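Right after this note come the structures.
Shared between the two complexes below is chain A, which pairs with chain B and chain C, respectively.
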Partner chain A sequence: MKKIFYVLAFILLVNNKITAQENNKFSTGEIHGNFQMMAQNYLVDSTIGAKAVNEKIRMNSFANLNFIKGNFKAGIRYESYEKSLLGFDPRYNGSDITYRYATYTNDDLEFTIGNFYEQFGSGLIFRSYEERGLGIDNAMDGIRVKYKPTNGVYLKGIVGKQRFYFTKGEGIVRGLDAEFNLNEIFSNFLPEFNPANARYTYILGGSMVGKYQADNDPIRILPENVAAFSGRFNFISDKFNFYTEYANKINDPSLTNGFIYKKGEALFLSANYSVKGFSLSASAKRVDNMDFRSDRNADVNNLTLSFLPAISKQHTYALPAFYPYATQPLGELGEQFEVSYNFKKGSKLGGKYGTLVTFNFSNATNLDTTQTGNEQGYSANFWSKGKTLLYRDLNLEVVKKLSPKLKTTYTYMYQVFNKDKVQNVSGYGTVYAHIAVFETQYKISSKNTFRAELQSLRTKQDFGDWAVALAEYTVSPHWFFAALDQYNYGNAKEEKRAHYFSGSFGYTKNATRFILGYGKQREGYLCVGGVCRLIPASYGLSLSISSTF
Partner chain B sequence: MKMKNIILFFYSFLVVIAISACDEITGPYTEDVNVTEGGRKILLEDFTGHECGNCPNGGLEAAKLDSIYKGRVIVVATHCSFFADTNKSGKFSYNFKTPVGDELDQFFSIETAGLPKGMVNRQAKDGDYSIYSNRLLNYTEWASSVAMELNKEAAVNLNLSKNYDTLNRSLSLDVEVEYLTKGNINQQLVVYLVEDSVINWQKWYGHIPEDIPNFAHRHVLRKSLNGTWGDRLSGSIKSVGQVISKSFNTTISSKYNQKHCYIVAFVQNNLTKEILQVEEIKLIE
Partner chain C sequence: MKANKITLILLFIFSVLCVNAQDKLPAVNVKTIDGATFNTANINNNGQPIIIDFWATWCKPCVQELTAISDLYEDWQKTTGVKIYAVSIDDARNSARVKPFVNARGWEYQILLDPNADLKRAMNVGDIPHTFLINGKGEIIFQHAGYAPGDENELYEKLLESIKANAVK
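== the complex of A and B ==
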């Protein structure tokens, strides 16, 4: 508590001083922030495997306070886990200030002391970020400098340690990133490169990230300094965008790769073409031994430096997201393709209001590897795929407006999900699932909207067939009411054919929202951007409050 | 020199430093371990499960440490979490779980942390004992933790003596605890029964076949003779040199191979769960 008092006192003092000065000639500073609280009580339900907790109620909450005055910014975040909700790591325990920083921008130079989030390129060798729903926060604590020495040249340098729950990881992280916007650099010499009227934009970038961790292992000889390098290129035009990045890492024996000394590499390619009513995108990724962390002994989602973007479609409906793909940093070859076409109003397929059709396909396999039997672990053929299919998703979505008040969405998916390999479990094998979703939204009046979803998942594997029904009624701008049932009617074990009923309602006023819910939550994986967390089954009452200011 | 040039120079300098700061290891990959003498022994608890495909890597690490620090590292493999659940028949139908293992799993949040995990004398990382799961280490951390623990002085000495009847499988065990430092009322004596080399199914990723029917499960925890957390040694503070004796009587189940069974006794601080000393004795020498 002392720490909070000091920080708040500091902000108030600074603010008072500024307000006083403001009377003379300066403007006052501003304080912005947000608050969020999520509490849940836990009841036992043996059918779904929901467990009680000794505390009866658990709560995760946090608040951010940011002070801005001209070129100066400073802030803190206070977090409280009394105790953490089930599914979050128990090391999120207690309450404290977990994030504090100060940033000053002086012309082309910006420096930050304290905590910061940062990303180099697409994050292949460095991404420090927070994903609260997954319990991920690998914020840096140290120094960051950003500098623009000349037009089109952007430099970043970072040094620090990463957050590890309420402490910091062992490893010291150092990184540099340089980005060159060729249009801005050459705009003085080549008028056609001038960003104001250039048809094409070219951006080059390069990064280096190194970590230091002492070798305290009495048996193995471990590299204390491990570095990774990456280069990237981005071509942008009004209709077409192409991005590629390649990363390489020197020997980095770690818990996750089984202490092999093989180098790591990753290649990411992405292209998009878009005109009015039509878009096309394709992406591909090859990852080989590229799990890069600031601590060689870290596991799960802890202390990650590399972020390997998922290239499968991120589904939002419950059943299509039932088997989410998580990026496999140790070895994966994947590709994704998506085409979207909007049939015009008045056309045969477009009807009176137009029809949007989207087809998406993604696929991921392991690498084609050969075990070497030595400390290198294995060798991998760069160009060929492995024989193990990890994930395949083929889906078609049609969005059709039937009247000014009625909108419908139809989705069909076929998924192949290698549960054993993707979730690192055993005995489940590969799941083959057919999924259909129907959504309708009816605008009763300017303030009242009704929305419903019907979903079906058919599979012979894992937990068998599921059906989902959702009804939601919104009274703008304050209220919403929702009822949901997830029914595992096809479970091979009859006693497990459970209904997961839940109901919730929410009230929103300005930037504050209250949501009260009651019901059952099935066990499952929550994934964001290809990173996942296991959510255990739960049953009980939940309350969420969020507010921004 | 202009500010711009100074910063560019600074960046170039950092780039050179960064590139040169890479340690490429081309071999050898291991080093000779300096094994020191000392009275302190280490309890290495290996939390494992027969359907945990990465767990044999933990077992290998435990065996390596057992072999390097002969007699000074005592291993107990505790099967727990959903990885140790059983099928009704066929593969993985043998039940390795114990009430002690389940309680440890619940208490230290082992299932949440995932397997394989281990504890070295139940020492907490960074000395933070307020969170019980802070004691869980990945197997790649065991070696450095063991080396560190072996450098500490022993707080107590443990002397085990037994009388075992192989026909009716009855065990009479005497444990003597000698205080080398001042003792307190939080210290408890815990006694486990362990069986070595139990042959049964084990999953092992990367191994061919992945499901191994005749895997030798080492150091399997079978039961506790006095509960998960044991018995309090004394209700009063003990001074250096004092000795406390405890006796235990039990019958060894015929399900266990008595030739492979041994007793592991340890003294722990029941508040922090830190283990101060550990000793083992075979049922049949």
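== the complex of A and C ==
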């Protein structure tokens, strides 16, 4: 740790003393970075369950600084949680340098010391990543080497420990990944494989990840080394793309799987076909006891090695995202299908400006399992589905431009959401919801635009019916003003039929943004990329500043 | 330990003061929409301007922005010779959906996939959309975060300015 700082400091000093000639210019390197700050004060509102905090105001901030010079890069991130916003894990507490690295790259070799983010394939057995808005950061701290021994062969090796808030997890992670682009390899001696003129591309890959964690359990005999393997294949042509990845993990008793010794596996398949104006895509996923972490005692979003996002469509409007699905890494079978068609300009359904129609279906059930009553926990039938529906989503979206100034979007969806199973709670059962969204955007002038959303969610379960209205006025390129009301008019408890009003405005100049907001935020899940965080109900003033330099 | 960190920060600030920023594009490996590994050092447009736009299929303002520019892209290309790289930061959940998504909308951009956010980090992008304008010499001369309808006009003005500035030299 200390040594890395000295090395970095040394390199920085040296860099300021010397200048190297590159591209016939004298350059001493560049520094860039970004900064972000979010602050909120918390007021009490008993109807929505918003609580005050002792500190009155809480703040999350961070800044990245990156130095680049020729083939050399180094950087740090400073993070500050004084104290962390509600909804973030309270272990994000204090301020410190949480990320620092140095990377050297030449044509075929790259090595990094310090922190890094990396992913093998689609991430079934290894992905270290950050999602700052969700408080997720399982960055590696160690060493990474990437090497390209010949055209079309890409090798990666990693060793290190993962970040755990302001410390590191105790598990040591080691991994290797190899990817072979067959076209690039064969193009050396078979010209028809040359990527520039090949009709088909074939890519193969494989990875291996192991973790070591000492067994200090007084009773159980736990495997101290756990290995996982994965293989992947990708076929690509002009119109068609097929991708599959399979992963397997040896016995890995952990807190999340209830310390069972069963092996884990995951299979992901995806195929799509598209031409201009039309696309079809389908994917399927089977996950069985595949919660893989560098610490067997970790839970929630901590110290994850496997990345198993949901394959259902990721909704962006407020009410369609009200019941967000999150993968069940212990066992799930899911499929997804989507078709899009763009009715051409001038056709009957296309009108003067064209109409884009998208239909999407996704479904997830549990696995067909039998309890074994021994340390294996259960056995699962690979080829059949379980009887419990976890999630289903049927949705149709129509985007229609009526004139150069007026654009509208209509969305309808039907969702089935097994709240008990997906959110791991009890007593809520399954929610059946009909959701409709109407959005319109009117361009008043080249710089002034008005946009409005009306949303409705109807259900007999959970919190009952909701309505949302949003109005937004933007003045390009600097200003926006927005007002939002979310109204829980159908709540079975009359005293809970609350309005959640909020207003905000923002100023943007180039890559710097200020946003000031005031109002009420309902309790709910905030999800990015299929990983979710519960944000509590809150009421108050918020300020965010972000900038890239 | 604390003292070391402070020293390090001071050194960084010192470095900022000493370096002459050139705002070049970083060299990072991403993927093309056809699965090939692509180094961003190879982004070029024969001395003509380049726009790099970070987006994702789930990001509404990003899709709004790229849709708006798509209607103007042909004209922009004729008048300025600009080439647009739309860099998707969709992760494994959505990256296979990027190509059908782009095709259904008829976008003509060069699409790059950055599922591990390597290029996003190297260019210090926070929230998306985030747009960079790069002149014919490969220097970043303008960037903009977020999108409001009409922002494409500002981008176009900057694009015209950059061409004028190049012509004068």
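Assume the second predicted complex is superposed on the first by the 526 of 549 C-alpha atoms of A that agree within 3 Å, B and C clash if a C-alpha of one lies under 4 Å from a C-alpha of the other, contacts with A are read in each partner's own complex, and residues count from 1 in each chain.
Going forward, contacts are C-beta pairs under 8 Å (C-beta built on N, C-alpha and C of every residue); 3 or more make two chains touch, one makes a residue touch a chain.
The structure presented is a predicted model; accordingly, all values stated were derived computationally and were not measured.
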In the superposed model on chain A, is it clash or fit for chain B and chain C?
fit
Based on the superposed arrangement, let me know which partner A:Y117 touches: chain B (first), chain C (second), both, or neither?
second
Now for A:G29: first (chain B), second (chain C), both, or neither, which partner does it touch?
second
Touching A:V300 in the superposition: chain B (first), chain C (second), both, neither?
first
Max touched-residue count on chain A (chain B vs chain C) belongs to chain C
Using the touch definition from the top, say if A:P90 reaches chain B (first), chain C (second), both or neither.
first
Pick one for A:L109: touches chain B only (first), chain C only (second), both, or neither.
first
Taking the superposition as given, does A:L402 touch the first partner, chain B, the second, chain C, both, or neither?
neither
Just how close are chain B and chain C at their nearest CA atoms in the overlay, in Å?
17
Where on chain A does chain C make contact in their complex?
2, 5-6, 8-9, 12-13, 15-16, 25, 27-34, 36, 64-68, 73, 76, 78, 96-97, 100, 105, 117-119, 122-123, 127, 129-130, 146, 154, 179, 181, 183-184, 195, 201, 203, 234, 236, 241, 243, 268, 270, 272-281, 283, 307, 309-311, 314, 316, 338, 340-342, 356, 358, 441, 443, 446-449, 451, 474-477, 479-480, 506, 508, 510-513, 529-530, 546, 548-549
Going by the contact rule at the top, pick out the chain B residues touching chain A in the complex.
3-4, 7-8, 11, 14-15, 18-19, 21-25, 27-31, 33-34, 51-54, 57, 64, 68, 87, 92, 109, 112-114, 126, 128, 130-134, 137-141, 143-144, 146-148, 203, 206
Seen from chain A, its contact residues with chain B in the complex are 89-91, 93-94, 109, 147, 149-150, 155, 157, 167, 174, 176, 178, 208, 210, 212, 216-227, 250-251, 254-255, 258-259, 261, 296-300, 371, 375, 424, 426-427
Tell me, which parts of chain C touch chain A in their complex?
1, 4-5, 7-9, 11-12, 14-16, 18-24, 26-27, 29, 34-37, 57-60, 91-97, 99-101, 103-106, 115-118, 121-127, 130, 142-146, 148-151, 153-154
